[in-house]
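As C-alpha cells, here come the structures.
Next come two complexes built around chain A: one with chain B, the other with chain C.
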Partner chain A sequence: MAGAFDIVEHYNSLIKEDASISAPVAAVGSLVKLIEKQNATTMLEFMMIARQACDRLKKATDNSISLSAGCDVFLKQMSRLAHAQSVEECRKALIKAGTDFVQGAGRCRDIVAEFGSPFVRDEQTILIHSYSRVIMGLLGRAVTQNKRFRVYITESRPDQSGLRAAAELQRLGVPCEVILDAAVGYIMEKVDMVLVGAEGVVESGGLINKIGTYQLAIIAKAAKKPLYALAESFKFVRLYPLSQYDLPTHRSDLLSFKEKRADETDWQAELSRSNPMLDYTPPGFITLMFTDLGVMTPSGVSDELIKFYLD
Partner chain B sequence: MESPTSPSSQFSREAAIYVDGFITRLRRGQVVEAKRLAMETVNLVEHVISISRWNDVETLSELIRAVGRKLLIAQPRELLIANVICRLLRMVAEESESVKFVEDGWPAREPVREPPSVSSAKSCETPGMGLGQSGALLTRTFAEQVASQLEVESMTLQGFKNNIRNEIEEYIEELENVEANIAKSALEYIHSNEIILTCGRSRTVEQFLRTAAEKRKFHVIVTETAPTYEGHEQARALADVPNIEVVVIPDSAAFAIMSRVNKVILGTRAVMANGGLVAVSGTHMIAAAARHHSTQVVVCAGPYKYSPWFPSSDDCFNTLESPDAVLPYREGDLVAAVDVVSPRYDYVPPELVDIFVDSTGGHLPSYLYRLLRESCDEARDLSWGIHE
Partner chain C sequence: MSDSKAMPPPESAAGQAADTAAAAAAAKEKAKKEKEERRRLKEMELKMRNIAVGDQPAKKTTKAERRAIQEQQRAVKQETGHPGAAATGTSGAATTGGGGARDGREPRPEAGRQHAGAAGARHARVNVDKYTVPEDRRMYLYEHLSLPDHPPSSAQAQGAGRCLGTGPTTAEHSTGDPSAFAAGITNAAFPPGPQVVVGMARDDYVAAEANTPRTVRVLGTAGKPVEAVLRDAVSPFASGPGQRKFLKPSATIAVHPRIKEVGLRMATMEISGSNARTVAMLLAFADVIADYSTPPRAVLTQHLTSYLSLQIDFLVFQRDRCIGMANAIRWLKAEIIRMPNDLKDDEAKRQLAEKIDGYIKERITAAGDIIAEAGAQKIQDGDVVLTYGASSTVQNLLVAARRRGRRFQVIVVDSRPVNEGRRLVRKLVEAGFSSQQSRSSSGEDGGAGGADRTELSDGVTYAPITALSSLMRDASKVLLSAEAFFANGTMLSRVGTAMVALAAHSCHVPVIVTCETYKFNERVQLDAVVNNELGVPDALMYKTGIPDAEPVGPQSDPALSAMEYSAYARDKYSPHPRWNNRNALRSETPAESTAAGKKAKAVKAAKAAAAAELSREAAAVAKLSSACPLNDWRTSRQLRLLNLTQDVTPPEFVSVIITEVGMVPTTSIPVVLREYKNQI
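Take a look at the complex of A and B:
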C-alpha cells in the first residue's frame, strides 16, 4: 500500500481544516493526494490501489453516501483515462482533473445560488430544514440582492443543526424562527415554499437528506406547497433505493425492538443511539431541483447520471 | 443587473433600424399571435445576419444573441422570442461543428479559425471531472480523435453562410407547417361522436380539429373565454366544418359541462420546461375541472413554444390586459372605486396536463425537459433578461 500515507487521516484533516468543504470534494482531494504519493508501475496495480482506497474511505466514515459520490466520480474518471498510453500519463491527467474538480467545487454553490435566485422573491416565507451550506449560499445571495423574506427553520434533532442555520441567517439580517420538528404541519399553512439540501441525490431523482426531510416533503405536498431541493452535481450518487431501509447507512439495529431491561433503560440515551440520521425522499415529493447543471425536474437527474456513467 | 456584454454597437445602422422597428411593433401589440411572432423573429434575425458583417462563428452567435437581448429587454415576458433565439443559436452551433473555414481560393492548408466546438474541447488530454462534463471526447482513443479531426470539413465562409441561410429557410418552413404536422396525429386522439372541449383562439387546435373532422363526426364545446371572447372567434372558425357541431358556453359553465366531455384539447402560448403551460386565462380552471372529472387533457403545441425556463412563480410570465373589456371606462364612477385586474395568461401546472402533442407525436409533461435539451442550450446566456 501507500506506506506512510493514510487516506482516512488525510480525509479527516481536510474536513477539519475547512468547514465549508463537502464530503465528496474532500474524498476526491484525498484520492488525488494518494495517487500523487504512490508509485504503481502497471495500470492494473494503479487502479487497484485507488479502488482499495475508496473502499477504505467508505468504511471509515459514518457519512458514506455523499462521500461515495466523490469516489464514484473519481473511479469513473480513472476508467475513462485507462486508455492512456502509460501509467504516468494517466496519473498526471487524473491529478490534473482531480485538482481542477476540487478547485471548481467551491464555485458550484454559487452557480446553484444563481440558478435558484429567481425563485426567492420578496415577501416570501420560506421553510428550510436542518443546516445546508448550499441553502445558505442561495439565501445569502438573495440577501445581497436586497430581497426581503422570512425563514422558518426546523430545529432538526438530534444534532439541532437548525440552530446553527438560524444563527447564521440572523447574522445576515434575515428574520427567522426556529420551529420544533413536530411543528412542521402546524406551520406549513404560513409557508410559501420549502427548501431542502441533500446529502445525496439518487438515480430515481429522489434525495437522501437529514432525517425529517421525508415527513416535511409529505406535509408540503399535502399542503400543495412547492419543495425545491438544492444539490451540487457531485452529490449525485448511483443508488436506487426503493424504501427507507435500502440506504447504505441502514443498520439492522436501528429502532428494532431490542430486548431491554426496564430498570436499565435510559430512553433519552437510547433515542440518538437507535435512530437513523438520514431518510430518503422519493422524487414525487420534489417540485424542482436546483443544481449547478441548471434547474431540473427529478427525472432530469437520472438522465444526467446515466449520461455520465454510461457514455 | 449585469450589463449586457456587448451593446448593440456591433449592429450596423441599418440592422439597428430593423430591430428597433420590430420592437416598436412588439410594444404596440401589433405582433401578438404566437406563430407570427416566431416567424417574424426568425425573419428579423435572418435579415440582420444578411446585412451585417461577420467572418466567424463567434461573431455570428454574438450577433444573434445581441438581437435576442434587445428583444428581451423590450419584451421581457415574451417567452417565444427567447425560444426562437435559442433554437437559432443551436442551429449555428450544430452547423459550425466539424467545419473549418478556408479562405476563398486558398488550398485547405491554414484554417482561418478553429470552430468553437473544437476549441472548446480544450480538455482532450486532461478532461474535466464531474457530472455534466462531456465524456464523449475522453472515451475515444487518441487515434479516433485524430481521425475525427481529419473528418473536419473544410469550407469557405461563403459556403457556411449559404448553409446557415438554408437552415434558417428550413426552420421557417417548419414553422409554416407546424399546425399541419401536429394535426397529422389528430385521428389518434379524436374518435367518432366524442365531445371535445376547448377554449380560447388557437389555430393549432383549429387545424387539429379540422383534420380529425375529415374522417369523423364529433361535437366541440368552446368556452367563450371572456373578456377577449376569443372563444367566439374559435367557434366561428369551426362552424363551417360539416362534421363538427359547435356549442359555445360561458366560461362559468365549464365545470358543469365537464362531466359530459370526453376530452379537453387546449392550445397554449408557451410551455415551460417543467411541462407547465402559459395559456390564455381561463385555461387553469378548465384543466382543474378536467382533473376533477378525470377527463384527459391534450395540449397541442409546436416545438417553438417549448421554453427553456422553469416557472419561478405563477405570475412571472403573465401580463395584464386593458380592464376596459371587464369594466368599460364609460362606467367612470365605478372605475374609480374598484380595482379591475384582467390577466392575459394562466399558469397551468404540469400535473393537470396529460399529454402534449407536437409535430413528432405525443409526449408526457415529464419528458419535456428532454425535448428542450435538443433545441436549447443557451438558456443561461439569455436568462438575465427575463428575471428581474
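Take a look at the complex of A and C:
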C-alpha cells in the first residue's frame, strides 16, 4: 500500500509537533505527503490509494468526525481535478491545493476571531464549554481590543478540559470561574451569551461537540440566551445525524446496561469507559455560527456544504 | 367472470319506446341503468385484479347497447353487427404486429373507435419497433415504480386508428364533432369509473348520469384564484355558468392515442403517484415524438412544442399535472427549443428520445435508487419505522434496508378513501417483512445467532390514521415521501401527511422525507387551500358491496386482512403490552385457528355472494341508503362533500430530505434549486 510511508504515523507526528493544528488540517497535510511519495500511474489507482489512506486514518484515530471533514475535502478536490488533467498534472495541482489549504488553515482562526469579536461587549458575562482553540482565539482578540468581560467555564468532565481553558484565560487577565457541568442551569440566568466550539459542523446546520454541549444549548434556549458556535469552515462535515445515536462515533456498548459483577464493578472507571465523548446539537438551538466565511445562520452552513459538494 | 351473465337486456328498444310513453317506464329504465353501472364497477374492479375482461361478447354487446341508448336505433343495428368483425380484426392486428394495425383504418371514425375499445383489452402489442425506450427497460420502469402490471402497448388505446399523427394526412381522422370525440375517448379500453365532473350544474349532472360517456374527470384547480377554488371546493356542484369545462378538440391536430391512453389511466387513478405519472407521461411523449413528422414549411423546434402543448392540454384535462410532471414538461420544452434548427427530423427525434430516456433514468429511477441506498443507511437495527400511504421510493428504501440485513419494524399508516397503504403492506410482505417468518425461523434454528435476533422483529403493522397518536410513541423514525417541495421548505404530499408529520414532531420523532430533486419547485406555497386537487366526492361514502380498494391478501374482508398482516396482533410475546392481549383472547393454536378461520370465512363469503346475487338490486339499494348518510348528498342542498387529495406540511416538521444529491434540510431547497439550474 503506502510502502514505507505510514500515514497514521505522519498524522500523529504532525499533531505532536504543533499543538495548535486541527485534526482536519493535519489529515490534509498527511494526505499531501502521501501523494508526494506516491508514484501511481493511473488516476484510478491514485484515488484508490487516497481513499484507503483516509479509511485508515479514520480507523486509527479517536476523533474521526473532524478528521473526516479534512479527508472529504481532499477527496472532493481530487475528484474535481481528476476530470481535467493528466495524472502528473493532477498530482501537482493536488499537492499545491493541499499545501495552500494547510497554510490557509492557520489563518482561519484569526478570521473567525475577527468576525466574532464584535459580539463581545463590555461588562458581559460569557459562558463557554470545555476547551476550544477558536474560542480562545476570539476571547484573546477581545482582550486585545480592551474589552472587559467575565467568563464562566464548565469543568467539562471527564477530561476536565475546562480547567485548561481557565488557566489560559487567567493568563490573559480575564476574570473567570470554573463551574460544575451540573451547575449550568444554576448559572444560566447570569449569563449574557454562550460560546461553544465544534468538533464538526454537519449538513443540517447542527454541530457535533464535546459531550455536554447539547444540554447546555437546551438550557440556553430555555433561558432565551443566545448561543454562538465557532467553527472553521474546514470543520464542515458531510453528515446528517437525526439523533444522538446517529453519529459515526456511536457504539452500541455505550451506556448499554451491560451486565456487571456487583463486587467487581469500579464505577469510577466505568464512567469514562462507557460514556460518550461527543454529542449532537440540532440547528434549532444555535443562534448563529461564527465561521471564517462569515457570520451565518445554521441553515447557511448547509447551503455552503451543498454548494461545495454538489458540483 | 361470473358477472358476465348479466345479460344485455333485450328490451332496449322497448325501453326506449316506453320512455316516450310513460314515466314509470323511465324509472324502470333508470333502475336498469343503475344495475348496469354496478355491473360495470364490478367489472372495473375485476380488471384491477388483472382478470382479463377482454373478449367477452357480453361486454361488447352491452357497450353497443349503451351506445344505442345515446344514439339512434340505426347505430344500434350497425354496431351490434360489429363485434364479430371486430374480434377477428383485432386478433389479426395482434398477430401481424405493427404494420397491420396501422393500416387497418376504418372508413368510419366512430366505428373505428368502437373497434379500438374492443381491441384494447387484449394487450395486443403493436408497433413495438417504434418505441424509443427499449422494451425491457420499459418493463423495468413499470415494475420499479409499481405501475400497473403491464404497460399496454399503444394498440390498447388506439386499435386500428393508429394514424393520428400530424399535418394534413390526419385531418380526415379527427372529427370536428365534440360528442363523437368524447365517445372516442371513452371507447378506449378503460372500464369507466364513477363519473364526476366537478363544477357541473346539478341538473346537468343528473342528465349526464342518464346518458353517460363515463369518465372520471378530476379537475385540478391550478391557477385559479382563491375564491374560485374555495367555491369549487365547498360546493363542487353549485350551478353557475362557465364552471363546466369541456375539452375543445382541435380540428386539425388530433391527440395522440398514447396520450389518450395515459391520460385516461391517470384519470381512473390506474396510474397514480408522482413518479409513475411522470414516467408514464414521458414515455408517452417519447412515442408521440417517434410518430411525429414536421409538416412542410414548419420548423421542428416551434411546431413540435405547440403540438406537444395540445397533448399536454389533454393530459391536464384528464387529471391536473403534479409538480413533477410540470417540471418535466418544462424541461422537455426547453430541450426542444434548444435544438439546432438545421437538424434533420430523424436526428432530432433520436436525440430527444435519448434525452427523455436520460431524464427518466437520471432524475427519477437512478435518483430513486440513490435515495433508497442513502436512506437505507439511516435505518438501524431495532428501529420502528412509521410510514404513511404508499410510495414507490419509500418502498424501495425499506426493501433496500432490509436487503442490507437491517432488522426493523414497519408501521404502515393508512387512510380512506384510497387505502393505498395496503399495497405497500403487500409489497413489503412479499419482500420478506413478516414477524411470523422471522420468529419461526429463528425458533427452528434455536442455536447460534438466534438469541439476539429474536429480540428484533421485522414485521409490518397496518393501522388506520386514527390510531396515529398511540402508534407514534412506538415509532423511532417516520418515513414519508413528498409530491413536491417548495422554495420556502413546505412539503406538498398526499392528504394526511401533515397530520403524521405533526404527530411525529410533537413526539420528537425525526421525520425523514424522500424526494427526487425534479420535484423541487421554486414557487412558494403557504397552505393547502390555494392550490389543491379535488378528489371524487363519492369516494368519501362507504359503498357497501364495493370494497374501497383491492383488499390485501386472499380474504375479501379488508379489516381482517389488516389484522392478518399486523405484526403486533400476531405477536403473543410482544413487548408492547397494549398489543399482545388481543391475541390472548384467542385460545386456539394459531395455525389451526387461522386455517379453520379461513375456511369458514370462505364458506361464509361464498354464501354471502350467492345471497347477494339473488337480490342484488334490492339489497344494494337498501344497504346504500341505510349504511351511509352521505349517500344522498347529491340531492341534499345542505350537504357538501369535500375530498381534498393533498396537503401542505410546514418545513419545521421535516427533519431531513433525502435527495439524490444528498441529505438536505428544508432550509436548503433554494440552494439546490439554484445550484441545479446551473448544472442542467
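The rule we apply is simple: the second predicted complex is superposed on the first by the 310 of 311 C-alpha atoms of A that agree within 3 Å, B and C clash if a C-alpha of one lies under 4 Å from a C-alpha of the other, contacts with A are read in each partner's own complex, and residues count from 1 in each chain.
To be clear about the criterion, a contact is a pair of C-beta atoms (placed from the backbone, for glycine too) under 8 Å apart; a residue touches a chain by one contact, two chains touch by 3 or more.
The structure displayed is predicted, hence computed values, not measured ones.
Asks: Consider chain A as the common anchor and indicate whether chain B and chain C clash or fit when overlaid.
Replies: Superposition result for chain B and chain C: fit.
Asks: Of the two partner chains, chain B (first) and chain C (second), which one does A:Phe236 touch, if any: first, second, both, or neither?
Replies: first
Asks: Determine, under the contact definition given at the top, whether A:Ile306 touches first (chain B), second (chain C), both, or neither.
Replies: In the superposition, A:Ile306 touches chain C alone.
Asks: Going by the contact rule set out at the top, does A:Gln77 touch chain B (first), chain C (second), both, or neither?
Replies: first
Asks: More residues of chain A in touch with chain C or with chain B?
Replies: Comparing chain B with chain C, the partner touching more chain A residues is B.
Asks: Of the two partner chains, chain B (first) and chain C (second), which one does A:Gly98 touch, if any: first, second, both, or neither?
Replies: A:Gly98 sits against chain B, while chain C stays out of touch.
Asks: Output check: A:Met296 vs chain B and chain C. Expected answer is one of first, second, both, neither. What do you get?
Replies: first
Asks: What angle, rounded to a multiple of 10°, is defined by the Cα centres of chain B, chain A and chain C, with the middle one as vertex?
Replies: The C-alpha centres give an angle of about 70 degrees at chain A.
Asks: Have a look at where A:Gly29 lands relative to chain B and chain C in the superposition and call it first, second, both or neither.
Replies: Neither chain B nor chain C is touched by A:Gly29.
Asks: Chain B to chain C: minimum CA distance in the overlay, Å?
Replies: Minimum over all C-alpha pairs: 7 Å.
Asks: Just to be sure I follow: which residues of chain A are touched by chain B in one complex and then by chain C in the other one?
Replies: In chain A, positions 299, 303, 307, 311 sit in both the chain B and chain C interfaces.
Asks: Can you list the chain B residues touching chain A in their complex?
Replies: These residues of chain B touch chain A: 125-133, 135-136, 138-139, 141-142, 273-275, 310, 312-313, 316, 366-367, 369-370, 379-380, 387-388.
Asks: Would you pull the chain A residues touching chain B in the complex into a rising list?
Replies: Listed in rising order, the residues are 28, 73-74, 77, 80-81, 83, 85, 92-93, 96-98, 100-101, 104, 117-119, 121, 233-234, 236, 288, 292-297, 299-300, 303-305, 307-308, 311.
Asks: Could you list, by residue number, the parts of chain A that touch chain C in their complex?
Replies: Residue positions touching the partner: 203-205, 238, 240, 242-243, 245-246, 283, 299, 302-303, 306-307, 309-311.
Asks: What part of chain C is in contact with chain A in the complex they form?
Replies: Touching chain A from chain C are residues 378, 380, 477, 510, 512, 655-656, 661-665, 667-668, 671-672, 675-676, 678-679.
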